[in-house]
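Look for subunit A in each of the two complexes below; its partner is subunit B in the first and subunit C in the second.
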Partner chain A sequence: MSTLHTEEMTLNMGPQHPSTHGVLRFVVRADGEVMREAIPDVGYLHRSIEKIAEKVGYRGFMPYTDRVDYVCAMFTNQGWGMACEKLAGIEVPRRGEYCRVIAAEFNRIASHLLAVGSMAMDIGAITPFAHVIREREMINDLIEELCGARLTFNYMRIGGVGWDLPQGWREKALKYLDHFDPILEEYNSLISWNKIYVERLAGVAAVSSADAINYNLVGPNLRACGIKWDIRKDIPYSVYPEFEFEVPVGNGNWGKLGDSMDRYVVRIREMAESSKILRQALAKIPPGPVLAKTVRNFKPPAGECQVRVESARGDMGWYVVSDGTGYPWRVHVRTGSFAAMGIIQKLSAGLMIADLVTLIASLDVIAPEIDR
Partner chain B sequence: MEALEILQRVKSQFGDRVLEISEKKPDPFAVIDPGAIVEVGRFMHEDPELAMDCLSNQSGVDYKDRIEVVYHLFSYARCHGAVLKVKLPRDNPSVATLEGLWKSANWMEREIFDLLGVNFEGHSDLRRILMPEDWIGHPLRKDFVEPPEYHGISTVRESPIVRLDTKKK
Partner chain C sequence: MQTLIQNLIASGAFGKNPPSGLVAAIVVFVMSLVVFLVVAIPFAGIVTWVERRVWARIQSRVGPNRVGPQGFLQWVADGVKNILKEDIVPDQADARLFKLAPYLVMLAFALPWAVVPFSSSLILADLNVGILYMTAVTALTVVGMLMAGWGSNDKWSLIGGVRSAAQIVSYEIPAGLSIFPVVLMTGTLSMQGIIRGQGWAPQHWFLFANPFTFVAANILYMSSLAEANRTPFDLPEADSELVAGFATEYSGWRYAIFFMAEWGNLFIVGAIITTLFLGGWQFPHVTNNLVAMNVLEVITFVVKVLFLVFVSMWIRATLPRVRIDQLMTACWKYFVPIAFVNMIGTAVWVAIWPDGNVATGYIMFAAAIVFGAVFIRRVIYYLRRSGMEVYLNPAI
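Right after this comes the complex of A and B.
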């Protein structure tokens, strides 16, 4: 069977394709059902956010960071805030840090829910998507009470967060977590261990740990390859050292180490860990101010720095160059999806065309985060 | 190792091909002779003390009199990182690719080529990545002027606020 070769076909997939998570295009060279390679073509959502940063100044750029990755905007907010604070040497009040962690971890759950739900939908299981959207809406309700927005939050500020937790919010959040933990079990029994689903994912597009590092995969994609690495643990920032949580890694139980199923399971298990962090943070949150006093006309001294935040799509690096004026000289965001797209061409060789959809979904790429 | 220690170790290996080591403000960096970047990269990749197995970030900055390419190297094995820079002239900036050492450089170098116009010698697939293929100019250069239209599509639009104002009058 393997020796039978047909004429090579060149197929176009995207930019408007339901499984490309935004606007992405692939040029697929296929031999029958088997791909020789899939060449990604990105840039359809390029909004020149890095150039905008040079025009709008440090404070004005915060709402734009939401648009870098609108599925987990809390982390882009936090990354930008932390970069400015590092440049100017501002210390965030402890309650502000706790508010950041709480908002960010809720956002991580929401983002992972969307990732696993849309992954199931891409593969053909429509029902789980309705379940995850129901859960995600409840988190959006909570975040809406926090900052007034459901998608592009603009919650954090340079030096802390915009608003304190509203009255009674803590109890609502705890009540939600009590509801969420059993839901995760329900979701697992609904889809995660479903035999058809597992067989569709297991062994597909496995990444070796050496490749993962060489191609700069980050976050859940890196951990699925068996590398126990999490910025929150290994280069701690904010108040994460005060919480106890596990770093889930892939183990290859279903097929090969680092395959699509491992990437899926790591995300499922991370949601449970985020829930643990949230319970501890909500229990321990100290009183006090949430926003440090900063000058109105924010001008960090000339210099440059990079900060790294563990976003839902992994290590997000903000490289900021300041020339001492109120406008950054250069901002560059290194995002997880950009790196994940770079490995697709290599992984696609020898895969079935239908598995390309699995591969994109399991890497959890978000098109605006690639193009910025 | 601390970032400054790493840079000192590179300096002791390569002498005056490391042109400058900056102090912390807040991140230290080393400026490398552009001709030596592949050798320095290979040393940092293979030296067991440094073991830089990941090119975590690569970006370019236009300083009006020069263009700098910035490399953020990181070691998962040792959990430390360092920043290297090369300074290039503004007309026809060109430097060797690091794709042979770290595969992640492929896409990041394409982005720098696209947005800042830096040529990476020996790159396997150097073409535009974010901008359309027929775009003229490099948008992240400080002297870039946006063309008024692209294929007949205007890139400027009337401000709706101005329009409302005139209606009132």
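Right after this comes the complex of A and C.
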């Protein structure tokens, strides 16, 4: 019997596609439902944020950092703050650091909630998304009380944070955490261990640990491959060494090590760890000022620095070069989503079109973070 | 129907000595129109509203509640909006196929209503091959979807169309095989005949007649969901993968027709299962008044169907979607062999107990009650544990 003649077709997925998490585009070469290759085409959301930094100065750039990754803007805030502080040698007050950690960890939970919810949505389950959005709204309410914004926070400043915790906020936050921990369990029983869901994710698009390092994956995507690398533990910054928490890694219990299910489960478990950190931080928060005294005309001495923050999407690097003026000479942001986009082309060979959607979702790619 | 036509001719409503064939044609046409316009289309519309409300409740939302009381008229608003929209036919599309496709889908949605047995006397046509006719005409949908997918000249539509062809044709087989056990037990293909073979009490339903029919009922329900493009088998229009599948290029009323047919088919799915396995319209004989009896029977039938429609909404709000290879695996490697086993098992069962085994019915019904009780207990346990407020009032 002669083999059936088939032809390859080129599919254009995006930039207007319901499940590409923003303005992404993939050129998919597929043979029927099976993909030969999916080539990511980045650049649709490039807003020259790094160039803007050179024009607006150190203080003025803080609100722009929110737009680097609007799903977890606290980390971009923190990264920029830390870079400036390192350049100018500013010490952040301890209460300020605690405020930063609390805000950031709440933001990490919110970001992971969105990631796991939209993942379920991409696989066709609509209810989990509505449930996580409900939880995320409550976090947004808390953060709104903190800084007045729900998405683009602009909470942190060079030398600390903009505002102290409001009256009674600590109790509200603790009450929310008491509510949140059982919700995570409920969410797991709703979707995580659902047979169809596990079947869709387990063994799909597994990344070997060598590939993960070679392709520069970071954050939950890297840890899902069994590599225990968390900036909060391994290159500690802020007050993270003072907290007890685990770094969840993938174990390949469902299919292969580093498959989509591992990436998903790592995010679920990280939310529980963030909740642990938050409880400790809220218990231990010291009194005092939240913002260090800095000169009004902020001009760090000439030099360069690189800081690394463990954002919700992994190791986020901020590289800043100062020439001694009030404007940075060069700023570069290294983001997890950009690295994650790189590996999609390799992983996509042999997957089904439906798997590409779960792959993008499981890598938790956020379009503005890719292009900046 | 025959007596109705004769009575009409005798009453002189059509003048003296009218051609009886013409009168029959007029009567059938008018009645079909009534069933379709008064029952089918409003049902499809209202179900969209019900589904959105049910989802909303499952997802801690309110759902549409602005148009009319509790948003009840939302479907009218949606329909009017869709009809008023421009009917766009893409430049590169095969316009003839593109325009024809919704009509075929509509036809596949309209034809099954002819044999839906609402009560002992309310049925448009009690064909002696009723259930066969039902499976035959519902499969017409696939032609429309394939046409839409191919005619749109869009690769996403094409994938959606091909998926629907593969899926619906494959799932016809386990669905068809799951009808056999019932046909074996009753010895008829007529819808009314099948219902008359069952009793009003659950232990006399074919669902509990023997273990094989119980499995067959489940397979038939799942296969019907697949044929009706419902989650977890809604691959042809998988919105997160294929944008809107075969309907990507459609807009306005043509798009509305596709989705009206999809929601309306839920009733057909429910009607098939109710007829075959859930005792249809069977109701205890409480009165000799024919009209009152028929009303009670219609209510019984519709309640059973609506329960199944609700279950499919529930499933859709809970389960994710399967992948195309998993879908095919489930069909060919599990459903089809199990359906064959059911068929042979039922044949053996009928050979041993030609009049059925009453004890099995009671035992299986009792087991179902126990299962239901355990389920309700678990639901209550989880509700208590989550500590969330429970709103039982359906109106918000």
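By our rule, the second predicted complex is superposed on the first by the 367 of 372 C-alpha atoms of A that agree within 3 Å, B and C clash if a C-alpha of one lies under 4 Å from a C-alpha of the other, contacts with A are read in each partner's own complex, and residues count from 1 in each chain.
The criterion applied here is as follows: a contact is a pair of C-beta atoms (placed from the backbone, for glycine too) under 8 Å apart; a residue touches a chain by one contact, two chains touch by 3 or more.
This structure is a prediction, so every number in the text was calculated from the model and none was measured.
Peer 1: Between subunit B (first) and subunit C (second), which does A:43 come into contact with in this model arrangement: first, second, both, or neither?
Peer 2: Touch partner of A:43: subunit B, not subunit C.
Peer 1: Figure out whether A:123 sits in contact with subunit B (first) or subunit C (second), or with both, or with neither.
Peer 2: A:123 sits against subunit C, while subunit B stays out of touch.
Peer 1: Quick check for you: in the superposed arrangement, does A:112 touch first (subunit B), second (subunit C), both or neither?
Peer 2: In the superposition, A:112 contacts neither subunit B nor subunit C.
Peer 1: With both complexes overlaid on chain A, does A:134 touch subunit B (first), subunit C (second), both or neither?
Peer 2: It touches subunit C, and subunit B stays clear.
Peer 1: Let me test your reading of the model: by the given contact rule, A:321 touches which partner, first (subunit B), second (subunit C), both or neither?
Peer 2: Touch partner of A:321: subunit B, not subunit C.
Peer 1: Quick one: is A:21 in contact with subunit B, with subunit C, with both, or with neither? Answer first, second, both or neither.
Peer 2: In the superposition, A:21 contacts neither subunit B nor subunit C.
Peer 1: For subunit A, which residues count as touching subunit C in their complex?
Peer 2: Going by the criterion above, the answer is residues 9, 11-12, 17-19, 32-33, 120-127, 130-131, 134, 182-183, 186, 189-191, 194, 196-197, 199-200, 352-355, 357.
Peer 1: Any idea which subunit C residues touch subunit A in the complex?
Peer 2: Spelled out, the residues of subunit C in touch with subunit A are 55, 58-61, 155-156, 159, 162-163, 231-232, 234-235, 238-243, 316-326, 382, 385-387.
Peer 1: Quick check on the complex: what are the subunit B residues that touch subunit A?
Peer 2: By the definition above, subunit B touches subunit A via 25-27, 29, 53-57, 59, 61-63, 70, 72, 76, 79, 83, 102-104, 106-108, 111, 115, 128-132, 139-140.
Peer 1: So in the complex, which bits of subunit A are touching subunit B?
Peer 2: Against subunit B, subunit A makes touches at 42-43, 46, 48, 50-51, 86-87, 89, 211, 213-216, 227, 229, 234-235, 301-306, 315, 317, 319, 321, 329-330, 332, 334, 338-339, 341-343, 346, 371-372.
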